[in-house]
Structure formats: C-alpha cells, structure tokens
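These are the structures, in structure tokens.
The same chain A turns up in both complexes below, where it pairs with chain B and then with chain C.
Then we have the complex of A and B:
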C-alpha cells in the first residue's frame, strides 16, 4: 500500500513508465491486501462488541489469502513487491488456478457471513443508528475511505484519480447512506466482494511482458512527485522530492487514520460510553507503533532511542502546542 | 433472529479446525520462497558492497581497514525485504526459512564477518578480497608454474594452465 504510493511518487518524479503487467500485479496485490484488511477488521469489530464467533470465522476466511500472499511474495504481510519501476516477482501461470480457487472461496464465504449477520438482531442493536456521522459532517471533516462512503460520500481514489490498472479494470464505488456503524460493516463487506471481482478481471486481462521498467540511469535530483493510493482505510498520499545519489531529499506520507480520527468527537456525541469502542473501531484506526523511535547515525554508527515522552515533547515543539 | 443464529451455527459447524498444531506438530509452517532471517556465506562473498547499496534500512555496513574488510549486519532493523539476496552476484546472501527471530538479546541479530584482502605481488598493497581473486581461473602468478593443488573454482582441472 505505502510502498506502491511511494514508488508511484518517485516514478512520477523521474518520469518512469511502469510496464502494463507490473501495474496489473500491483493492482492484484493491493486488492488482496484490501480483502485481508477488511476481513481482519470485521473480526476485530465483532470482537469489540462481544461477538467472537464472527472474529473466528472472519479470520478463518482470511487465512487462505495470507497463505496465498506468502506463496506469491514470500511473506504474509509486508509483501515487499514494489520497486521503483515495477514489481519484483511475477505471478506465474501455475498460481492463477489456486488464486481463482481462493477467490471463489472468499466470495462464497463472505456472502454466507453477510447473509447470516444481516438478519441478526443482536448485532443490529449494537450497530444500527450508533456512531452516526452525517454526510455534511463527513464533508466538513474531510473523512476518507469506507468511513466517508458509509455516510453517502462517494470518495474513492481508485475512481477519482485512477492509478495502477484501475483505469482498465474499473471499480465500483460502494456507497451506503445509513451514516452509522452498520453501514460501515456493509460497505467493507461489499468492497471485499468488489475486490474479488477486480482481481478476477485483472487475471483475465493481464498482458504478458516485462514486470519492471528498465531503470538504469540515476533518478534526477530536485524533482517533485505526488501520488495517492486508496488504502483499505482511505486515501494515502505520498510526497517526494528527489535528492542526490538516487535517494529522497524530502518525503512526507499522510495515512488516512489521522484524518478519520477527526470524526470521533462528532461520532461519540450523545452516545453511550459502551458504544465508544466500536465507534472508534468502526474507522479501522491504525495507532501505529510510534511509541518508540530509533535513529542511527550512519557515519558514527551511534544509535539513539527516543521514548514515548520524548516523542510527545518533539511533536509539541514541532506544532507549537503547549 | 433465530434464523440468523441458525445460519451462524451452520457456518461454524460446517468448517473443520484450520489452525496448525504449531509448535508441537511436524513440518515447517512456512512455504518455499519465504523470506526469513538472512544468512551469509563468507566463502562466497567477494565484498562488492551491492547489498549495502540497496538495503532500505541501511543496516549493512562496510569498513575497509586496509588488510581486511569488515562487514556488519545489524539485523534488528531488517525488514526482510530480501533485496540483498536478490542483488548479490555470488548468491552469498540467502533468505533462510527461519522466522522465529524474537529475542531479548540484540546480539542474536548481529552478524559480523571479515574478508581478507589479497596483496599485490608487485607493490605489496592490498587491493581486492581474496574470494574474488580465487575466482580467476589461474593460479600461476601466486602459486607458481607447477601448481597441482585442488581443482579450480570454474572447472578448469588442476595444473591445466601450467602445461601449456
């Protein structure tokens, strides 16, 4: 996800064209990631409201996707497939049959689970009309991804600014107008099914040829690149200024969670305390591992570890918060 | 309500256990091509520094001390991308199947190796690692005209060039 965004930004800066097959493989991997992320979220959401059956079942459905990713790329997560100019490994013809079989399984199981939980009144009572964010608020707070789409805002980078192979295979924007947690569940489940459709189309349309552009020259310094990718949680933007020696001079990434968190005050207003965890969880927040930060001076080899308190202090200084 | 619970029960009961008996069961839970902890074969390494150049975490460092080249791998920063293994011209670096790398001692994730530099026969200065010199299928310069030692790395029989 982030590696795609970064590579696209550098490719834009250096004016590198990625071969078609490389773009298709990127699309397939992005959608596999979306499937596993949405299924993982469904399990977590079920766990938060005390419905652990759905946790077990969603993760069981998800597991074949992880095994497949491991087979294709060499790891379950952190696929490490992107390089500036294309992708590192091909998806050979032998894996296509297995991929399609796993997708058929996901498709069937997701529909079964969706069918079972849509009539479950216990789940409905916890999710319907809880954690509401109106469409007007969603626009005002610039919410992204499934959170915005569940409030009736049809925002999707895949359609608005197509990248990789999305212009060729197309993508249906899933919009629900319920504005509550239940809509977010439905949006994510339908997006999983849409992702299955996209991967199938990609496999059918994937052209033959090289997967890497021929990047032999150094990347020119002082160029600017900006790219956006629709991550499972929303939009990810990467901004790069290229520097000397084919290394970045400046790099800024904006992940969707920070933007989505701005919706929390609106969401929890007037709600019960017990609904706050699932409200927060319905945005699929990623409080990444930023409590510890290690810097290494490459010349002297000196390592300095910043603690959580030091990071907070730095952050406050940077944004002048006292 | 009852119908939904019934459907959920059917989903649960119609699927067998999928968890692996790890760590008590037989077999390795990772597939072929898995990128685990990296391993380096110092007999193959020629010290070209390609791995240090591509490493995104820049955890591979080279120190040229004149007579030896020291290489440090600080693997606690490794992201297991496997780029080093991919670019290594001698296939000295391999990604093993080892995934149980959690440790409370950082020195477990530290590899250091020393490559000896060959000395120039004329000026006596060190100029290249011995591993890369050994690749060259002639030993007449260094071992003498009638060298009859073990076979050459590239398949030339021992002493072959000495007979011409």
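Then we have the complex of A and C:
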C-alpha cells in the first residue's frame, strides 16, 4: 500500500504510464490487503472488549487471504510486488479459479460474521453510542478513512482521486451515520464485502498484456510527484522530489493514524474507563506510524531539531558503538 | 474423641481435598470448551495444575509493604476452603448447623473483600479501579445469591443446606424455586468471574485489576481460590436445585454430582465464550433487574407457590 503510493508518486514525477494489467494487479493486491487488515482489526476490537471468540474466528477467516497473498507474491505481508512502472509478478490465469474460490469463502464467512455480530445484543450494548465523533468534529479534525466514513463523511481517495484501476472497476463508498464505534464496525465489515466485489470485477475485467512499463531511461531530477492511496486505515500520501542518479531527493509519507488520533480527546471525553481502549481501538491505530520527536528545553521553551549526523552520533554514544 | 466428630473431620478433609485437587481439572475442561468454540486446539486439560505449579516456583515481586497485600491471597484461599466445608458436594455438607447458608454467604463475600483489599493495598491505580469495580459487583451480586437462598429457606423452613437439599429432593420444583434457580445461576457467572462479568479483572482495560501487582505463590493462591470457587458454586447449585437422582451410597452420589457440576460449568463456559465484557454500569443495571426478579421469586415462596 505504501509501496503503491511511493511508486505512483515516482511514476507521476517521471511521467511513466503503467500498463493496464499492472494497474489491475495493484488494485487486487490493495483490496486483498484491505480485507486482511479489516479482519485483523475486527479480531483485535473483539479482543479489546473481551470477546475472544470474535478474535479467533476473524483471524481464522483471515488466514486464507494470507495464503493467497503468499501464493501470488511469495509473502504473506509486505508483498514486495510494486516496482516503479508496474508490478513484479503476474497473476496467472491458472490460479484465478483458486482466487475466486477463496473469495467466495471469505464473502460467505464475512456475511455470516456480519450477521452474527449485528444480532449480538451485548456487543451492540458495548459499541452503540460509545466513542462518538460528530460529523462536524470529524471534518474539523480532518479524520480519515473508516473513522470519518462512520461519522457520515463520504471521503474515499479511491473515488475522489481514482488511481490504479479504480476508475474502471468503480468503488462504492460505504458511509454510516451512527458516528459511534458500532458504525465503525459496520463500515469495515461492509468495506470487506465491497473489496471482495472489487477483486472479482478486477479478475473479470483484467486485460491481457504487459505488467511493467518500459523503464529504461534515468528518472529526471528535480521533478515533483504526489500520490494518494486509500489505505485500510485511511488515506496515505506520498510526496517525492526526484534527485540525481534516479534517487529521491526528498520523500515524505503521511500515514493516516496521526490524523485519526486527533479524534481521541473528543471520543473519550466523559466516557467510562472501560470505553477508552475500544474507543482508541475503533480507529485502528498504527502507533509505529506516528513516531516522531523533537526535544524541547522546558526552561527556555527552545525546540531543537537534530540532524541525521547528530542522531547517528547520539545513537552510537548510547549503545557504545564505535 | 467421639466417632461423630472424627467422621465430621474426615468428611471435611475430603471436601477440602476435593475442592483443591479437582477444581483445576474443571477449569481445564472449561478452557478446552472455550478453545473448541474458538476453533483452537487449546491447552491440555491439566494445564491449570501446571499454571499453579509454575506460579509457585516463581520469584515473588512485592510492590507494597502493606500487610493486607501480603496476606490477602492466603486469607482469600482459606475463606474459600472454609466455605468448602459448608458446601454440599454430592452429599450433605460435612459441617452442619442452623443458618449455615448465611455463614456460607459471609465466607464467600469475605473472600471477595480480600480480593478488593489486595487491589487497594497494591499501590497501583489499576488495582484501585479493579477494587472499586469489585465492590460494586459484591454489592449487586451477593444480594441475588442471598435472596435465592432465602427463597429456598422459606420453602424448606430452614436456613440449613442439608434441610434445603432434603426438601428439594422430596418436593421437586415449584415456581419460586425455579425463579431462584435461574437467578442463582445468572449470579454464579459473576461469582466465577466469567464473561460477560469479568469486569473486575478486565485484562485489556485495567490489566487484571486487583491482581496486577500480585505474583508467584500469592497469585497462585488467588487463582486457586478462583478455581475452587467455581467448583463450590457449581456444587452448591447442583445440590440445591438439581438434587435428583439421589443414590444410597456416597461414592455414586459424588460421581453423579461431579457430572452434573461439569454440565453446569460447561453452561457457564458457553455463556462465557459467546459474550463480550459488559461495562460496570451495564452490569450493575443487569443485576438490579436480577435482584428484582429474585425478590419476585421470594414473594412467590412467601405466598406458597
């Protein structure tokens, strides 16, 4: 997902056109990632409120997706499929049948899970009207992804700024207006079903041909590329300035969690302690995506930013590496 | 020493040993059931024994110099074992006296208070929150158990477990006793700290609450007290509300009693596995209704239904 965003940014900067089949394969992989991410989240959300049955069953349903990813790319996670100009491997016709079979299984089981959790009154009690973020707050705090869509904000990069093959296969933006944790559950489950639909359409519509553009020339320096991808957690942006020798001169990635975390104070205000973990969990946070730091001298209030060399020196001193 | 005293001592020892040695096995069975619903293989049935042994061999880390922190696990287990002597397991309880049902409730409540004390004295905010939750649970759950027992007491005309058992075995179910049975069963889930009522521990929210700072043998004592409580409550429920069939010999009664207890614990396990954890305010509301239902049962008993 990040690799797609990065490659798209470089392709934009270098004006490379990815062949249609490459774009379709990227779409399929992005949606497979969405399915496994949403199912993973569902399991963890269940675990947070003590419902380990949901955890175990959601992850059992998720497992065939991981096998499928391994079958297509060689990896369960971090698929390593994207290259600037296309994708590394094709999805051969022979495994289409298997893909469709796994998809049918996921489709069936997700509907079953959706059915089971929507009729579970205790689960509903724990999620309804808890961790509310109003539509106005969601806009004011620039919340992203399913968190925003559960507050009635129909933002989705796949539709607003289509990339890969989304313009051809289309994408239904799932919006719920409950503004609470329950709506976030429903949005993610429905998005999983929509992802299954998108992959099926991709497989049906996928044109024959090359999966890689012919990238022989050097990528010109000093060009700017900006690309956005709708990750499972929300929109991800990659900004690239190309440099000499086909290397990036500047690269900035923005993941959605930092933005979504701004909603936490609104969400937990006046809530029970028991609702705080699930409130935080309901936006599917990725804390490693939010790591950044600066040092502030408390007395003078002076902010100090370290350079790369200084950080390396500090690190070496800390771990006595010479 | 007269032979009747000797017999009481022997039977008490049997009860205590039964509770201590068998309760981890029942816990292991429930874990297997939970694993089955989770589509997992699950730990072996004897895993709780290993857990206890492992905890006992571990170094103890003491976070508080408070005496309550140090002694509450032992007192808690001792109280539960004292309650075991009053509990009818497959047969009439070893120790009988008028009003032993009330004593039983006192002992069990006191063991919960010890859990609370451990949390308060542990010098951890998680422990204090857990203790506050435990207090609310005691206030809401114990009345249900007490009212259910009083309902039986009114029907049988005695607050002694052995009289209640004789009455239930002879009379069969009445409207009031059925209501009492349902109320008691639902409160047992909370007494056993099973979902949806494991609010006190809530490891994802407050990291095991009152037990957060306990470790080693002390934690093992608490765990053992929990396993023991599960067996005791299952035994109590089975003896009071599913007394039939009654056999002539102690051994056969015990065997059948254990089978019925396993069924009760399996039911509790099923409830445990299909529910998320309730919030404390939701649980309080739930038990508020349950107290009301139990009171209706008591009223029926008073008018003779």
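Structure notes:
Rule of thumb we're sticking to: the second predicted complex is superposed on the first by the 288 of 322 C-alpha atoms of A that agree within 3 Å, B and C clash if a C-alpha of one lies under 4 Å from a C-alpha of the other, contacts with A are read in each partner's own complex, and residues count from 1 in each chain.
The rule is short, and it goes like this: a residue touches a chain if its C-beta (ideal position, glycine included) is under 8 Å from a C-beta of that chain, and two chains touch if they have at least 3 such contacts.
Keep in mind that what you see is a predicted model, and the values were worked out from it rather than measured.
Touch criterion met: A:119 reaches chain B, while chain C stays clear of it.
In the superposition on chain A, A:53 contacts both chain B and chain C. Contact with neither chain B nor chain C is seen for A:214 once the two complexes are overlaid on the shared chain. In the superposition on chain A, A:70 makes contact with chain B only, while chain C stays out of contact range. When the two complexes are overlaid on their common chain A, residue A:15 makes contact with neither chain B nor chain C.
In the overlay built on the shared chain, the residue A:78 is in contact with chain B alone; chain C does not reach it. In the superposition on chain A, contact of A:273 is made with chain C only, not with chain B.
Shared contact residues of chain A, touching chain B in one structure and chain C in the other: 53, 56-57, 60, 120, 122.
Residues 34, 37-40, 129, 195-196, 198-199, 202, 204-206, 273-282 of chain C touch chain A in their complex. Listing the residues of chain B that touch chain A in their complex gives 1, 3-5, 7-8, 11-12, 15, 18, 30-31, 33-35, 58, 61, 77, 79-83, 86, 95. Listing the residues of chain A that touch chain B in their complex gives 53, 56-57, 60, 63, 67, 70-71, 74-75, 78, 80, 88, 109, 112-113, 115-122, 294, 296, 298, 301.
On chain A, the positions that touch chain C within their shared complex are 46-57, 60, 120, 122-123, 125-126, 272-277.
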